[in-house]
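Below are two complexes that have chain A in common, paired first with chain B and then with chain C.
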Partner chain A sequence: VPPEVVRGKRAALFFAAVAIVLGLPLWWKTTETYRAPLPYSQISGLNALQLRLMVPVTVVFTRDSVPLDDQEKLPFTVVHEREIPLKYKMKIKCRFQKAYRRALDHEEEALSLGSVQEAETMLAEPQEQSEGSLTVYVISEHSPLLPQDMMSYIGPKRTAVMRGIMHREAFNIIGRRIIQVAQAMSLTEDVLAAALADHLPEDKWSSDKRRPLKSSLGYEITFSLLNPDPKSHDVHWDIEGAVQRYVQPFLNALSAAGNFSVDSQILYYAMLGVNPRFDPASSSYYLASHSLPHVINPVESRLGSSAASLYPVLNFLLYVPELAHSPLYIQDKDGAPVATNAFHSPRWGGIMVYNVDPKAYNASKLPVRVEVDMVRVMEVFLAQLRLLFGIAQPQLPPKCLFSGPKSEGLMTWELDRLLWARSVENLATATTTLTSLAQLLGKISNIVIKDDVASEVYRAVAAVQKAAEELASGHLASAFVASQEAVTSSERAFFDPSLLHLLYFPDDQKFAIYIPLFLPMAVPILLSLVKIFLETRKSWKKPEKID
Partner chain B sequence: MAANSFRSRALTALAGLLALSFGSLADSRIEDQAEQFFRSGHTNNWAVLVCTSRFWFNYRHVANTLSVYRSVKRLGIPDSHIVLMLADDMACNARNPKPATVFSHKNMELNVYGDDVEVDYRSYEVTVENFLRVLTGRVPPGTPRSKRLLSDDRSNILIYMTGHGGNGFLKFQDSEEITNIELADAFEQMWQKRRYNELLFIIDTCQGASMYERFYSPNIMALASSQVGEDSLSHQPDPAIGVHLMDRYTFYVLEFLEEINPASQTNMNDLFQVCPKSLCVSTPGHRTDLFQRDPKNVLITDFFGSVRKVEITTETISLQPDLGIMESSNKEDQIDEERMEPLKYAEQLPVAQIIHQSLFWKETAAHLGSWWNNTCVSGAHGAQEPAAVHPS
Partner chain C sequence: MAAAVRLALIVLLLLGPGGWGHAEPSRDSLREELVITPLPSGDVAATFQFRTRWDSELHREEVSHYRLFPKALGQLISKYSLQELHLSFTQGFWRTRYWGPPFLQAPSGAELWVWFQDTVTDVDKSWKELSNVLSGIFCASLNFIDSTNTVIPTASFKPLGLANGTDHYFLRYAVLPREVVCTENLTPWKKLLPCSSKAGLSVLLKADRLFHTSYHSQAVHIRPVCRNARCTSISWELRQTLSVVFDAFVTGQGKKDWSLFRMFSRTLTEPCPLAAESRVYVDITSSKQDNETLEVNPPPLTTYQDVILGTQKTYAVYDLLDTAVINNSRNLNLQLKWKRPPENGYIHYQPAQDRLQPHLLEMLIQLPANSVTKVSIQFERALLKWTEYTPDPNHGFYVSPSVLSALVPSIVASKPVDWEESPLFNTLFPGSDSSSYFVRLYTEPLLVNLPTPDFSMPYNVICLTCTVVAVCYGSFYNLLTRTFHIEEPSKGGLAKRLANLIRRARGIPPL
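Right, the complex of A and B next:
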């Protein structure tokens, strides 16, 4: 065999070896999309997360509330755990941890005062309770602290008072009643169902009523005064004072739920998009309830809410109807005028119609000066704000005295309920985002995951796990903060602009790029390999024939 | 006998009445449930309207997009919920004989530009990348709110695209293309993040049906102006402006939409019948297999209009006009004012210093110069008397 042929064969084999052993892996590695490692197993584990929401309840027994031999058993702890039946992939369990103890001296003194409000003020001073926890005071069955027919009382600051019972099964009976009161003040199935309304598959249509605002890091609240007829009405409103006096305390009480910023504006010549109809019976104009949905859109473009901030915006509009259409009333479905003369739209805001007092027209000529009664207006706006946030009336146990909200308009345990709902909602959102990201990465093969995106994902997963732990140990405030961090990190990871780095290359375009590069190189190598293979096969067969 | 038969007849009649009333009761309940099932379940509407071609002779694409924009605004979607992308400015084009107008009907009947148009992405900002970023929400931080698609899982989104296209692609700005696979992947990314409740995709280009062939995400309905292999044709030229004003398909869609008002009950099946082959020359196509509801139950206003859910406010909370707090806060303001020292302004332009500094530098420069001269030029002869230097 001539040496050139052997050298030729060896050269061809060497070329092929380099191309296949070195070249192919190099090409494969350098053209794959960069994906920093992600904790896929942990993300799929999040879906099966078991959320345990613990509500620590301290139950304080006064001297005559339960029989003596039961009192000897104090202090001890009872746990009541229940699974919330929601069709959601995460199992949610609600755990009330009741710590029973005897009343201290100053508590006995406070609970023997005349009225329950005085008792509360005396009890509230020593300690501020942490978010999510409750205290229930059990007084004697015939105590005059509560009115005769009332069995329990729910106060504005995470405290409740309940009548004891002199019975063998005192602790069991009182325990059940305490659970009822505690559920009204913290967590019920309704609260969680409303929080998870966007994640539950069924009932897309009926849950429109309970559509609180989506959880967000902050909110922008805009108060607008609409004056369509400045020639007749010279409207003044002391919005700064009203915000300072009424709105700011409410928002300060809500400050744990997000950053709030408030602004206001006055719009002239802004009409409603709907023409009101005249009702001759009351000689007033009215807006029927079916025309209300068409009111908002024409006026929204003038509000400038898109320029305000990236946070969700809540608009509260005060409309002073023009002289030709005064007085203007809003009618409900049955045709009766609404007492508040206001309506709201979930996740958008509220509109109130303010009718000018007809006496103002008598003496003076146009334009008439109108001083808006901010108390009446703010009562409606704050009520709408509560509804938009999903702070609704709780389901009270029977025979329960309910003290209304204090001057701020918000009870502290209502804030707790909001924080519970928001934490669960945040965890659900974060888990969904992370799971969708993992699924997307599986489906679409050319999404790039850079290192900082991967670190955001790790942070989000850690935050979800931390939030679940904090919820299980009853620290509501830190759980809420962790859940917000989880949502922020997961959204930042999912919506990072770098994920869109590579546009799609269809297969035929890929071939069009690679063929001019690889084909001229590959064809000679392949052909020579084939030739070598055929020749070696011939040379194997030859010795047999000779033998 | 007669009494018996009468009684039995009365009983049967009563039974029949009872059965009827029960039936109607059950019927109304079933009807309620059925109505709920057929309703859409969306709470807000968004629209993304894209015109992808530039140059004066593509006037009709801008007119197409603006006429859909006009209809959508008229039916109630506010500007804050519309992302309008126009790749070229026809209204202010130097070749426009009627500046600040874009007409859709010949003889300049209808100016679709209007005076409150809000273009979010204009001119060279309309690129495939920006379009995909808008759809998937992966915009760079600092993008203003009007340029974002802030939809959520209860938003119905209308996406309208027009321009020059081919089999499987749509041309952007004469320099790049978006393929149908990219579009399908973008919609899948939107679905994974639940950025839409239902999506209506309308495309008016040549071979438009190829663009919706590859969709695979649920709840998408698509309409196109022509099938694969067919060209979409333009409608009529206007002799005064000198270009074709509209495309046929969008022209007839616009005529159809002009008859819709926010309360109308027209459904999607009527939209599918718009522009038959006799008028359009091309065959419009549609795709509804990914859509869950029956098209005859889908109202046009579900996508083109925007109706908000509204509730009457029945509760108020009671507030006391709390004057006490007001007074104390006034006092706080006064105290703050007293404590503040009177302000002084820093000198804005210290002229004297500037002149002094320039003189100073000139003197040192002169001194240095003379020292240099003396030491280097005169060499080792020793220092001579430095020449008197006067600041000039």
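Right, the complex of A and C next:
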């Protein structure tokens, strides 16, 4: 074989080698989309996460609440665990950890006072209880602290008082009652189901349960006075004073659940979307309950979105009907007028119709000056605010005395209940977001994953795990903070604009671009490779023939 | 019962003179105004101004309560610590030569300039966020404002309102000339008005008329002003302005008369009950000069005279809060008529519709002798759909020739002729009388050359570079892998045999 031919063959082989060893990887590397590694297995693990919601309950026994030999056994701890049956992929378990102990001296002293309120103020002083924990004081069976027919009392702070029993099975009986009270004060199936309403199958909870507002870092509350007829009504409302007196204390109590901002506006010539019907019997106008859903839309275009923040807005509208349509009443499903003359729309806000006293029109020329009675209005709006946040009335155990809420309109354990629900909701939202992000990124290989997106995903996963741990160890406040961080990080990763950069770069275009380069380069290499291959095979076969 | 007693008390108080409402000073007030100016060119300019004054220290109050001042803008002032904000959207261009100086100046497109308070630390960040929020509020592309089109003027654009310091570091200015102003910008602007578009002057703001004009400019100005004469405290002033120029001459078929109904297709029916002042001014300056050539209907109760923009002007004033103005006829339709009809002429203009109908402009004009008349038409560039682009080698777009039909007076009076008798070449166009003859002239067609984008260019470039690379590579590859050796002339092919035959015939030794 002449050396020139061998050289050519070697050159061809070398070309092929360079193209495959150097060219292909170089091309691959330079045209690759950058995808930072993500914790896929951890994310899929989140779905099977078991949420253990631990409620630490301190049970304090006074001197003659239980038989003496039982008192000898104190202190000890009992754990009551129960799975909450929801059609949700996460298993949620509720765990009441009851730490039984004897009453300290000052507690004995406080509980021997005349009334339960006095005892409460005295007990509350020394130490502040942490969020999510409860204290149940068990007093003697015949203590005059509670009224005769009442078995237990639930206070505005995180305390409850309960009658003891002189019985052989005292701890068991009391333990069951404590669970009842503790459930009313902390976690029930209803609360969690409402919190997870978005993640549960539609049929069960959507129709009969009011959906509470979605969890968010903050909320904007806007009070709007709608005056569709400024020619007849010159409406004044003291909203500054009302906000300061009624709304702000409530929001201060609720401040652990998010940031709140309040503002108000007056909108003129803002009409409802429905023409009220005339009722000749009472010579008044009414809005039937089936037409209420159509009321909001036309008004909403005037309300204006909040320009200054991205938080969800809660609207409270006070509607003073025009002279031609007053008085105006809202009817319920049975056709009876609603006592408050108001209705609310879940996740949106509430509307109240405020009728001008007909006597005001007598002998006075238009416009009539109308001073709005803010107490009446704020009562309705605050009740609606509670409903919108999903703070429902608790289901009380039988024979239970219930202290009214404090002046700010919110009990401390109600706030805890809200935080439990919100933490669970946040965890569910964050897991869903992370799972769908992981699915999406796995499915579409064109998406660029930058390092900061990846770090947000890692942070979100860590926050979910931390929140779950904190929930399991009963630290509600830090669990809530971690769950908020999980939601924020996961959504920031999910909505990162850099994910969209190369999304619409289909494969056929990619090939159309590379073929003019690859085809002319690949054909000679392949042909010479085939030729070399055939020649070597021939040269291998030759010696066999000689043999 | 207590409530009933209190209401009865209020009723009693309202019966008294003045009433309760006037005793307590209102925290904000609204003034609205419309100025109608007939322009020298025959067009009519209408300038609306709505001014909301808000006596409030926005920066100190945490909870903000809004009455007449729109909440959306109030929140902006407090969140971004604005000192002043001036935003205008303009479609068209104010032709000072024909229309005279404008009350409110604005560049074509969108203009935004903002003074921030000196407490703002990161002005650029606030500016960016503010322009994004404003683009949301006004449905405009203000989000395209970035560092490439933002400038910090140092000499111009001083604050228009109260200002302590004028450190230009806190000023930002940007113009987006490409911004197209349309209904979607007007609707949010109208929503900021306390009476929306339900009562008062804002009733006239009907979008399909306002954008059927030669000039449309709407603006929002926010600035701090003195609350009282001694300036002990400040108030916020929001001015919403809107100026339009109606092409009354062309749409009115050559007449300069106008009325509110013809311009806005609405009339004024009731004043805005929230406004402290609501007035219409009509410029009637020329009536004094040209000896009562115009007539305003209904006749004004008062007039107002002042030197405006350097010239003495007279305005007819209509106060809508004055019950006599509206109550007579339940609505107010201002009309202006010119007593002496303007020159005898006729203009018919039919605007084009894209892909349906061409423009048609017909004018009947009397030309003086030895004069030059120029008719010029401006047309805007329209965008073609991508399938409508012609192939690369094309002439362009033809605009059909214009036609001039004229009766030209003849120098020699011709005799009346009998149609059937005279030669055919003379009788196609009938002459109206013997003193003139008919001429129809056509101008050249116009060829407009539109630049055509090369849609396939990127792919062509890719193909070309790839081919060049492939060719270079191919020859290189051939050189390196082929073996070149001299082939032994064993028998030779057909060509060689032929050559040898010829060589033999010539007597030369074969190859």
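As a convention for this text, the second predicted complex is superposed on the first by the 533 of 547 C-alpha atoms of A that agree within 3 Å, B and C clash if a C-alpha of one lies under 4 Å from a C-alpha of the other, contacts with A are read in each partner's own complex, and residues count from 1 in each chain.
One rule holds in what follows: contacts are C-beta pairs under 8 Å (C-beta built on N, C-alpha and C of every residue); 3 or more make two chains touch, one makes a residue touch a chain.
Remember, it's a predicted structure, so these values are computed and weren't measured experimentally.
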item: Which of chain B and chain C A:297 touches, first, second, both or neither; value: first
item: First, second, both or neither for A:439, with chain B first and chain C second; value: first
item: First (chain B), second (chain C), both or neither touched by A:528; value: second
item: Chain B versus chain C as contact partner of A:183, first or second or both or neither; value: neither
item: Chain B versus chain C as contact partner of A:357, first or second or both or neither; value: second
item: Touched partner set for A:330, first chain B, second chain C, both or neither; value: first
item: First (chain B), second (chain C), both or neither touched by A:404; value: first
item: Common ground on chain A, meaning residues reached by chain C in one complex and by chain B in the other; value: 244, 301, 305-307
item: Contact set on chain A toward chain C in their complex; value: 2, 4-5, 7-9, 11-12, 15, 222, 230-231, 234, 239-240, 243-244, 248, 261-266, 268-270, 301-302, 304-309, 357, 359-360, 362-365, 367-369, 371, 373, 512-513, 516-517, 519-521, 524-525, 528
item: Footprint of chain A on chain C - complex, ascending; value: 3-4, 7-8, 10-11, 14-15, 19-21, 63-68, 70-73, 75-76, 78-79, 133, 136-137, 191, 194-196, 198-199, 270, 273-274, 459, 462-463, 466-467, 469-471, 473-474, 477-478, 480-485
item: Chain B - residues contacting chain A, complex; value: 36-37, 39, 41, 43-44, 76-80, 116, 128-129, 132-133, 136-141, 145-146, 152-154, 179, 181-182, 185, 188-189, 192-194, 262-263, 306-322, 325-326, 329
item: Partner chain B, residues of chain A touching it in the complex; value: 198, 204-206, 208-209, 211, 214, 241, 244-246, 289, 292-297, 300-301, 305-307, 310, 330, 332, 338-340, 342-348, 350, 352, 375, 378-380, 382-384, 386-387, 404-405, 407, 409, 432-433, 436-437, 439-440, 443-444, 494-497, 499-500, 503-504, 506
